[in-house]
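Shared between the two complexes below is subunit A, which has subunit B as its partner in the first and subunit C in the second.
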Partner chain A sequence: MPADTAKPAAPSRTPVYALVGNPNCGKSTLFNALTGLKQKIGNYPGVTVEKKIGTAYSQHGHPLTIIDLPGAYSLAARSPDEAVLRDVLLGRRADTPIPDRIVCIADATNLERNLYLVHQILDLGRPVILVLNMMDVAERAGLVVRAARMEKELGIPVIACEAINGKGLVELKLAMSRHDLPLSRHSWAIPAPIAPAVSEIAASLSENDRRPPLIARAEALLLLTDQDSVRVAGSRPLSERTVEILRSWEKRWAAQGTDWAGALVNSRYDAITELCTHVIERGGMKTGASVSDRIDAVVTHPVWGWVVLGAIMSALFLSIFTLAQFPMDWISEHMASLADAVKHAMPAGDLRDLITDGAIGGVGGVVIFLPQILILFFFIGLLESTGYMARAAFIMDRLMSRVGLNGKSFIPMLSSYACAIPGIMATRTIEDTKDRLVTILVAPLMSCSARLPVYLLMIAALFPVATVPVAAKVGIMISMYALGTLGAFGFAWLFKRTLLKGEPPLMIMELPPYRLPKIRDVALHMVERAWLFLKRAGTIILGISILLWALTAYPKAPVGATDAQQIAQSYAGMAGHALEPVIKPLGFDWQIGIGLITSFAAREVFVSSMGVIFNAQSGEGNTAPLRDALLAAKWPDGRLLFTPLVCITLMVFYVFAMQCMSTIAVVRRETNSWRWPLFQIAYMTGTAWFVCLLIHQIGRALGY
Partner chain B sequence: MMTAEFRQPRPRMPLTELPVGATGRVCALDGEAALCQRLREMGFCESAVIEKVSGERTLLCQLCGTRIALSDRAAQHIVVELIRGGV
Partner chain C sequence: MAETIKLSSLAIGASAVVREYPKQGNAFLRLREMGVLPGTTVTLIRTAPLGDPLEIKVRGYNLTLRKTEAEHVLVEALKPST
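This part shows the complex of A and B:
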């Protein structure tokens, strides 16, 4: 971005504000309150990993452009999400306007640490508004933070705020729409021996790297605090001259034995401590352990911690099987009666079959799993909004460090239980590039919500009688999730030892205080996911179902052929037959093969495809539940197709196989090459095939 | 109020060896430059006060009112002096 855009906004243009602060200080909450958008909010660091632009309106109705950014502890970015913040602030992102003004958000309960980043931001020389968020929590903890005094000390507007309750928003908007926002009076004594280095590097940056003067000074300070200039400068390399100057100063200091980087950071902290003594009053500090501490004593306990994690997981799966039954039956009944109504109302023919077998049979088969998916998201939402996520990462750290990753990698993996795509996005918070890549590679092995319909259908086929205790179903379900998770750990271990050898892991992670879950946030998240799921059902799954129906209906078999013969000689049947030699050793026939092919787009499509294929064969009469159609399916020699062994094998296949176009696209984008997504397809699907071969052959040998 | 304590030098140790429940003050960071910088920017700067809450491999500490989880590989580079608690 050219240098001259850093000038203050011309009044005609909508002013651009960036929301900047440490992770988990409430930036997205404030962004949502200002713009009315629905950015994801969660009580753990690293929820937001990409910038988001929205529009707010000032008290006078003027539009203001607001950018929500990932959190960071410093402008010297160590992970991809921190780099997003740095690049937007320094005007290096082509797709984002450089912010004219910066709204810094600091957690009032944790001011000393939060002010470090604020202090760096003040160096940028742009108008800054400081928001002290979470004043309610500060008050409860007996902290008095004097915003007015702070305003006087810093010379910029300081606004006390409770983003979550919408308090302080009016004041903030008034401050934002001021034309004459003052620049900070802040000055801090750069230690004397460093000052000449700062000015020399800054001069070189503005001359040789065409940085605007104020940014040049801030960047010079960052370069001096960080050895790795890539972290500061981003991908565009610095000019040779600047690097030369930097190296010569480094050498000079190394010879003198001064830790200049440490001195710089410490002098910032000195300035902050000085400021804090004036503005913070620790009124009646509560003694004794807080509620959070007492919960932590159990939840992070080396033994009880695991018990709690296990209990949460069991509760999740138990409710998936018990609570979901009623709404599921309801949906499935209505789908069936809808199909029957169409069958009675329309004359027999291709169009009618298209609607009943293709659309309703396919989409309906998937939509009945909506209740389960909602329950899954409800649980994940609870974990995210209470603050448990970070604790889970903490207790997993030990296990994860055995396989060579750190506990932070567990947060993306846990998110992948919902869907691998947000999981892979969340790896942006991982600092080490190799660890990040390993986490991306294994994250799709965590069973995502799209596998849920496949597992549930197979479990239903496995236990057709109603007398089977729920515990058995829950047990199988948990084993599938455990298998995927173990697989992820195993492969992480393997990759860290072979392909991506690297430093042993190292974790530094903040554990936020527990908060009561915001039912509204959880509900919003659930509605959003439900909508996404239905949208997928209405677009991809419907599209593929219709396409598949057409491929099973044409070319037409000679008159007199049965439905089964029709499918067998159709285009889809040909494809399935072509695949059959490869999957026959796993116990799958060509019809399952069709499902495996179509579900490459998305895993749920397997269920809709089975619906299309087997419902079409169930002929006239009433629409039977898919489970019964599956149980009636046979090999040409009369053996049953969906034996218990085949059901289990199929589930295991879906645990391991990489069957998701969207994940592939995201991995391609995040790793910036086709190499890794292709490798991922190969290793995951290869493993799936081998493991299934083993299970099926051993199962057969044992007589199942 | 602290003068009495100043008379005898306080014991120094890496954070990993600080007893659970004790409080220490950071006196030095002795690791690789990049790691030290990271630790400083996270708040583990010289003169910060840390309470060790629990931990063997992964430590849990309280720093300026925040809970922070920290691998022992990072914690062993934080040299603290014992100021309260422990035996």
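This part shows the complex of A and C:
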């Protein structure tokens, strides 16, 4: 190894630190504590899947650039999220500065496995600070980790930390602002049969692929532990010479029966085990079943496991219908009185209509569903922060394997109940590209929070009387979620058998110990989602509502026309009428058609559009709940428009149809082509149309 | 040296030392990197409600793997210590 100390960071430039470690070791918690930002925290591996840059201030007030990264078990990346870490560290990402220094975070309760990645990082020859996190958990388990001894063994600063309680932060910041961070006295015995190959490949990498010497050596080691070595070389393909050398060594070893990759891993673990005997004392370790083990005995029990899963789901939907009622009525009342106040205060005219019908009618209709959406996020937040997510994947793996996926795909699918966008991002933890693609394709079928307002409005229209038991509403709601989930499974099965055939995937996943949910994390996440929802209501939904109002108000009908005639001959009416022939077989008229068109921007826009369209027709009277306006709507021949059958059909349409610009944009980015998002729109919306056609026609034939 | 059996046929709750390990295959390299090596002690904690995958304890943490992978890992069962 070269010089003993690193060059002091040039004073003109803020030093860049990367936070690196195994999944779920507390990197994002530490990042938030250092920078005051709000990265998402959760108790399962793979919460962070993209880098995030923030600024912290040293004890002396100097800025430090900090990069939070996805977790990885090894630099030999197996999945896209791990590749983000590798590429940032090796300086392959054009949008991220190459880190000057690395803060390695290791879970003190699980040191041996955590040190494997640290061991690889030390190969990079950059200054490293090692943080031993979760010291509180280690202490409770009776595990003593001697940081000082470790510091002596490794020759780098080692800092004991409890990121969650902010303990150790000052020490960490002091270490980070040191100009003279020492390089590790990192030397380990590369197994004898492999050592000459490492030097030869490293030499070729620095000569033919222009890698800096230390990176060349680290990369040579990586190439040897990866099955698909060329892919690991990243964006630029390796030079022919390097590949040639690599292949000839592999051939030689294969002939001799040398297990080169295994030998490399083994010798790293040998070094780690040796280190750990000096720094870990297990003397006081408690024996017997831990709390997590006892919880798991129930949660993953062949019978109780399913009961628990069912109970969680039922509790979620029951609270959506019961707990949310009060705040929802409150918001709805205030929206109505606001609209009425404007009606009384302003002279009649286009501007007044724009405010009451366009802005308040449209946005208000959506905003009243905020309480339900918060409840949904609260539940998902609980699942994420306790550690249940990983158990759900464990329980579901067998079922998922029937459709050709694995339990890991279930985590993105569960996240998609909140919103398909984080769900699709979460597929980055899936190793196999085809499995990842299949999961991306089906994730939007899981009913997201944007569908909730549509379902709730339709259920309200379905059961206008107050005497209907909550159970019926909950039942319909659960059926819609179940329908979407079954659809997702069905299509995954279909795609895995046709378009994207592949090997049955692996299910190698860590099950983290349960932790008490951090109410603060869950609450922060809820506030953030609420803010996002309101922002959407105030921007996209407001914008579309105003635009839609304008499209319903112009061109002006001749004087004396009724409000209904005005809308019918407006621009929006024309569009709706143009669509009507396609959707009439489903029982939808042109007014619903307008809603279907506008909700291509986002699904909840359907509700605001119905608000705009039907409020505009309700004339001068007081603002009535949207539900009543819908129930009064009729076909030209006097039949009711929103019959129970149409309400159900509409819900089913929203279960299947792909109507979300942001999802389309994310799928395009994650799959790197327009092919898959376009395919997704076609298959999902096509299915929606066919299923609705079936339901409506069969329903009609049965006399509904 | 005692007889080796497949990791997948280990009794629930029993501990064993890994003996033979496939050299090739993505799954096995990953398992290796996560600390399951020849000579490592593992404990079979449970199987999932539907029989697959398995949950093992290794180096102090819990890890899942499918039976199809566990079938290729040969282990030597340890006598339950009192």
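Keep this in mind: the second predicted complex is superposed on the first by the 693 of 704 C-alpha atoms of A that agree within 3 Å, B and C clash if a C-alpha of one lies under 4 Å from a C-alpha of the other, contacts with A are read in each partner's own complex, and residues count from 1 in each chain.
In this text, a residue touches a chain if its C-beta (ideal position, glycine included) is under 8 Å from a C-beta of that chain, and two chains touch if they have at least 3 such contacts.
Please read these numbers as outputs of a predicted model, since none were measured by experiment.
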Contacts of A:Met509 with subunit B and subunit C, given as first, second, both or neither: both
Touching partner for A:Trp306 - first (subunit B), second (subunit C), both, neither: second
Touching partner for A:Asp397 - first (subunit B), second (subunit C), both, neither: both
Which of subunit B and subunit C A:Asp296 touches, first, second, both or neither: both
Subunit B and subunit C footprints on subunit A, overlapping residues: 73-74, 76, 78, 109-110, 112-113, 116, 225-227, 259, 261-262, 265-266, 269, 292-293, 296, 300-302, 394, 397-398, 401, 407, 504, 506-513
For the subunit A and subunit C complex, residues of the former touching the latter: 73-74, 76, 78, 109-110, 112-113, 116, 225-227, 259, 261-262, 265-266, 269, 292-293, 296-297, 300-303, 305-306, 394-395, 397-399, 401, 407, 431, 504, 506-513
In the complex, subunit B residues that touch subunit A: 29, 33-43, 45-46, 53-54, 56-58, 60, 63-71, 73-74
In the complex, subunit A residues that touch subunit B: 73-74, 76, 78, 109-110, 112-113, 116, 141, 225-228, 259, 261-262, 265-266, 269, 292-293, 296, 300-302, 390, 393-394, 397-398, 401, 406-407, 504-513
Residue ranges of subunit C in contact with subunit A within the complex: 21, 23-27, 29-35, 37-38, 45-46, 48-53, 55, 59-66, 68-69
